[in-house]
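When the chains are written out, they are named A, B and C in that same order, and each has its own residue count from 1.
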Amino acid sequence: MGRASSIVSFSLTLLILFHGYTAQQWPNECQLDQLNALEPSQVIQSEGGRIEVWDHHAPQLRCSGFAFERFVIEPQGLYLPTFMNAGKLTFVVHGTGLMGRVVPGCAETFIESPVFGESQGQSQGQGFRDMHQKVEHLRCGDTIATPSGVAQWFYNNGNEPLILVAAADLANNQNQLDRNLRPVLIAGNNPQGQEWLQGRQQQKQNNIFTGFAPEILAQAFKINVETAQQLQSHQDNRGNIVKVKGPFGVIRPPLRRGQGGQQPQEKANGLEETLCTMRCTENLDDPSDADVYKPSLGYISTLNSYNLPILRLLRLSALRGSIRNNAMVLPQWNVNANSALYVTNGKAHIQMVNDNGDRVFDQEISNGQLLVVPQGFSVMKRATSEQFQWIEFKTNENAQVNSLAGRTSVMTGLPLEVITNGFQISPQDAKRVKFSTMETTLTHSSGPMSYGRPRV
Amino acid sequence: MGRASSIVSFSLTLLILFHGYTAQQWPNECQLDQLNALEPSQVIQSEGGRIEVWDHHAPQLRCSGFAFERFVIEPQGLYLPTFMNAGKLTFVVHGTGLMGRVVPGCAETFIESPVFGESQGQSQGQGFRDMHQKVEHLRCGDTIATPSGVAQWFYNNGNEPLILVAAADLANNQNQLDRNLRPVLIAGNNPQGQEWLQGRQQQKQNNIFTGFAPEILAQAFKINVETAQQLQSHQDNRGNIVKVKGPFGVIRPPLRRGQGGQQPQEKANGLEETLCTMRCTENLDDPSDADVYKPSLGYISTLNSYNLPILRLLRLSALRGSIRNNAMVLPQWNVNANSALYVTNGKAHIQMVNDNGDRVFDQEISNGQLLVVPQGFSVMKRATSEQFQWIEFKTNENAQVNSLAGRTSVMTGLPLEVITNGFQISPQDAKRVKFSTMETTLTHSSGPMSYGRPRV
Amino acid sequence: MGRASSIVSFSLTLLILFHGYTAQQWPNECQLDQLNALEPSQVIQSEGGRIEVWDHHAPQLRCSGFAFERFVIEPQGLYLPTFMNAGKLTFVVHGTGLMGRVVPGCAETFIESPVFGESQGQSQGQGFRDMHQKVEHLRCGDTIATPSGVAQWFYNNGNEPLILVAAADLANNQNQLDRNLRPVLIAGNNPQGQEWLQGRQQQKQNNIFTGFAPEILAQAFKINVETAQQLQSHQDNRGNIVKVKGPFGVIRPPLRRGQGGQQPQEKANGLEETLCTMRCTENLDDPSDADVYKPSLGYISTLNSYNLPILRLLRLSALRGSIRNNAMVLPQWNVNANSALYVTNGKAHIQMVNDNGDRVFDQEISNGQLLVVPQGFSVMKRATSEQFQWIEFKTNENAQVNSLAGRTSVMTGLPLEVITNGFQISPQDAKRVKFSTMETTLTHSSGPMSYGRPRV
């Protein structure tokens, strides 16, 4: 009996081992047979808001190299300066705010003017003027490029929650560590630990001052040891987003009047000569900048290294889409990138087909859900609510798509003979396949359809 | 007894586990002690030809990142549009044909002229004119660069089989999925499945239309559901290469007369301004373009990003060699690339030495065989038939080799003193080592030699 | 009993397997909780010196992709031509010497002049003139960039040991093999084997001639088979660094007088048009070229692709630091690179903090020790001997650091309000944190401090 069971045990072991061995040698990470709309796996609560983190070990995220986070910053909430081990793109889903980044080696170009400072109560001392690096106003649709190692903070100066989503690419060269998201805190902490990292689940994450000896900090900053200890925030449990009491007096240019929060200083800066003045933010919600626009259907805007050169460094780009109830984005595939699609508003029916011709996704996704579209997988989107809006992050500075149908599609580019022979259809039908849909990206979709059915 | 056997089981388990652990942490993929000439591992039969696929899990292919395929397209065979998850180079080994690619976003620049169309019977309807993207004539020696995600088709318009070999680099950034070859079919199918992919062996591979709901296709293409169902090719078992019945009437420029299939339109295009007009094909079989040429020995031609700029994007280059019976390619190593050598004609004796100084290959290879030369491995080739011809694909847009012997070799570049001291030979011998062989790449090899002997 | 124990065995197995599975899927290579100052793991003795190799499987080296070696070449020792599978930077720690590299395809530009040759006894034959590629003089502080596949030799023409340290980046694209250091020997051998490679421990490493058949070498070099056999060095056990008997007569330009070994020919060459004339060496020990300089504290010099363009190809850069007893390098982190810090002189107290805010290193390191600073880890250096000198290699052609304290630091770039709210300190304290330390990189450190204490 003992012998029998141990033989079973041994065989099972070998079986599993053999499987493990082959999987290890030839990982099939991207052989995705079933995709899901993903929700965050960890919610990190803070005094002034919360950070929601998707588990980047989920097969579709692991395959595509993405790490994904959502920040919900309450009014007067301040997301404390943090940097990442990877380049990332952040999109403003909701609300307004201020954002500052500290680029290494660049000068403090925002300097308090003495008269303004004193009269507005922004100055904390007599005759003292603060100076710091650039601060920008944020509004819905802003897309922010942040290189690895650059510390960034956000402040919600509005009356509604400021909601941001951020996609980091762990697989490109900006990240020179392993394929894990590693946020590093300059201030604040994370008492709950990082659930997505092995061995960090029960461990409080501290800011980087905590690891240094207070005497060293005192010498480095030429401050006394007590202040140094306060930088370590040992007794602080407010998390990484804190609540600001009273006014938040950072120096920033005024918003242009009557334009609802546009950023004139961005557009006016034609000189992007150095890394210090390089433009890093672009708004994707202005239909007048749309790349594809049809009044009755919606619009699509793209952001790539041609309109935001810093994306060449980050090897990321973005696409913003907004379509109405009767609109469909024609089936298409990513040519040279993976993409992460996040729904910012409404609902849509999405059908996706993998490299084997299998349907791997056929569901409705809605506000707040995330879906990965791997390179070469074909995808169709169809709005199922009044409005469907999404942001798509792509792992290439100039990501391209190839449409299956429509005027610039692969079918239109093929000779008629290839279509008639390939699909065994008549020349008349082939002509219809090629030329019936004259739109390029968006088309009308005539009413409801069943979906979520078992795959054929 | 039970106890004893379970202890044995446990120890064995640990042993294997430990081995697995170290192998996993420090994969020695490129510690190749024995190389083989590789043959295809799967033959996918189709109505109009066959596709032969090398198993990219074979140690030398896995180490170098290559996936390799051979296409044999019978007369009137049409390889249906397909795209890959990786950039690739295709070489025309035999026959003539037509090739078309559909580059996303580019216009249909080949337009049927009404008079010609009607009179030549190429038009399928009254007054209808087809238009599609560029179609190119192919002949022996043509080397075609294809980025990831770009659909490509081939048609054999000759009387002999059209034979193509293609190398894709799974390891560079064009592929953003896992290190598996993932062909995606626009039309056709593969009833045999993909034997080289775990879990896809017994599974029929379908075209991408199959995964979509017919109603969605009908709406996207504005066709009826019956036509949409025909795009899904459910009843079709012809495979991915089909036989064309009757004439194949695609629009293409005429071949220049009296030049045996040269491509004048390629050479005339000096404006390679956009991705749409970028040149992607170059012929490597014209000795007048050779980089190394000796009438009595043979020639060598190279293709890199200087003469075909799209290779910068693909990070691939190629070398074509053709040598006679008495010729030897002097021992050399790849400086900054791996290469995959495919024999297109004849036989050669090849000797290869790895980084440890061990002989890892010492055999004759012949027509149709594949051999990988990893970076830093030294290799000598010697023709053993009337003619030896090969094509070599390299994983760098500007691959370099370093010769051991000859006028531009490492030995010639070293001071005499380094050679006399390094090898303990006399200055006279060292002089001979440096200067006796004045050729650069090719030299005479005086008659037969034994090989395939056990290694020293 | 048997049943029970086998169930235990099975459960244990599953447990370990599960652990192995997760570790394999999501390697946490860079979750470093404890760093060490690293010493070489293998010393390879040769006739004319020794090569000391660090085990690149050590967690910090594996995470950062570095392979590290130290060469100690005795007077009249000749390190025989060798090339690597990766790009590397070499730093001259001690001594003087000559260095030659053989760049593939470049001409022999150093040609013996007949009169000089004969009269100085450098010519080995009557009327014969040697010619070879460029030979350079080396002195302390020289930093040499060597691409993969390029053979390099060193000769010690001084009276003291010539000590070199070299860092290769196994993780970037210059290496197209697996992540193992693979030196390939043109001459010499390694009788002890390569302990850092699985299965090569007991195996003698030979030069690449050894693997070829002597008849093939005879034909390739047009020499007789006896000389060919001597190239294989079967009876040679001198290793890879040999002792030169008598004068070492290579052609080289004279040293400029009265300048202690400076390289005038380097600076004079303004035309770096081709890979053949591209400058590959730069001296980092001249304080007049320093990037940060304070007479009382020390200096820091950097080498990146702006001052040595070949580094763009290698994706490596370097930093040389030299500080006095009372100096501290302010806490900083690597923004876009990993770095390997090697101590060339003296001692320092180093404190390092990881991405979780944990102190992972808090020790004194001294002459000859190596420490890896992963991307995003904060590090403070403080000299604890009269002089502390180090060389730091970085895995980015333009590596950037971000300081925690000082005039160009992240704290100075943040608005006062962010600091007061983030750390719950008064505006007065925040002002001190921002503005007390006006230095940028180096500051005074007032006397001894305890360290090596258990972490907080």
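The definition used in the following text is that contacts are C-beta pairs under 8 Å (C-beta built on N, C-alpha and C of every residue); 3 or more make two chains touch, one makes a residue touch a chain.
All of these numbers come straight from a predicted model, not from anything done at the bench.
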item	value
Rotation in the CA alignment of subunit A with subunit C, degrees, nearest 5	120
Type of subunit B:subunit C copy interface by residue overlap (half), same or different	different
Chain centre separation in whole Å, for subunit C relative to subunit B (CA means)	37
Shared interface positions of subunit C, touching two or more other chains	1-3, 5-6, 9, 13, 17, 20, 23-24
Residues of subunit B defined as touching subunit C within the complex	1-3, 5-7, 9-10, 13-14, 17, 20-31, 63-65, 171, 328, 330-331, 333-338, 351-360, 362, 374-376, 378, 380, 382, 395-396, 400-406, 408, 410-425, 427-433, 436-437, 443, 445-446, 449, 451, 453, 455-456
For the subunit C and subunit B complex, residues of the former touching the latter	1-3, 5-6, 8-9, 12-13, 16-17, 20, 23-24, 57, 62, 78, 80-81, 83, 85, 100, 102-108, 110, 124-125, 128, 130, 132-133, 135, 147-151, 153, 155, 174-180, 182-189, 194, 197-200, 203, 205-213, 215-217, 219-223, 227, 230-231, 233, 236, 242, 244, 248-251
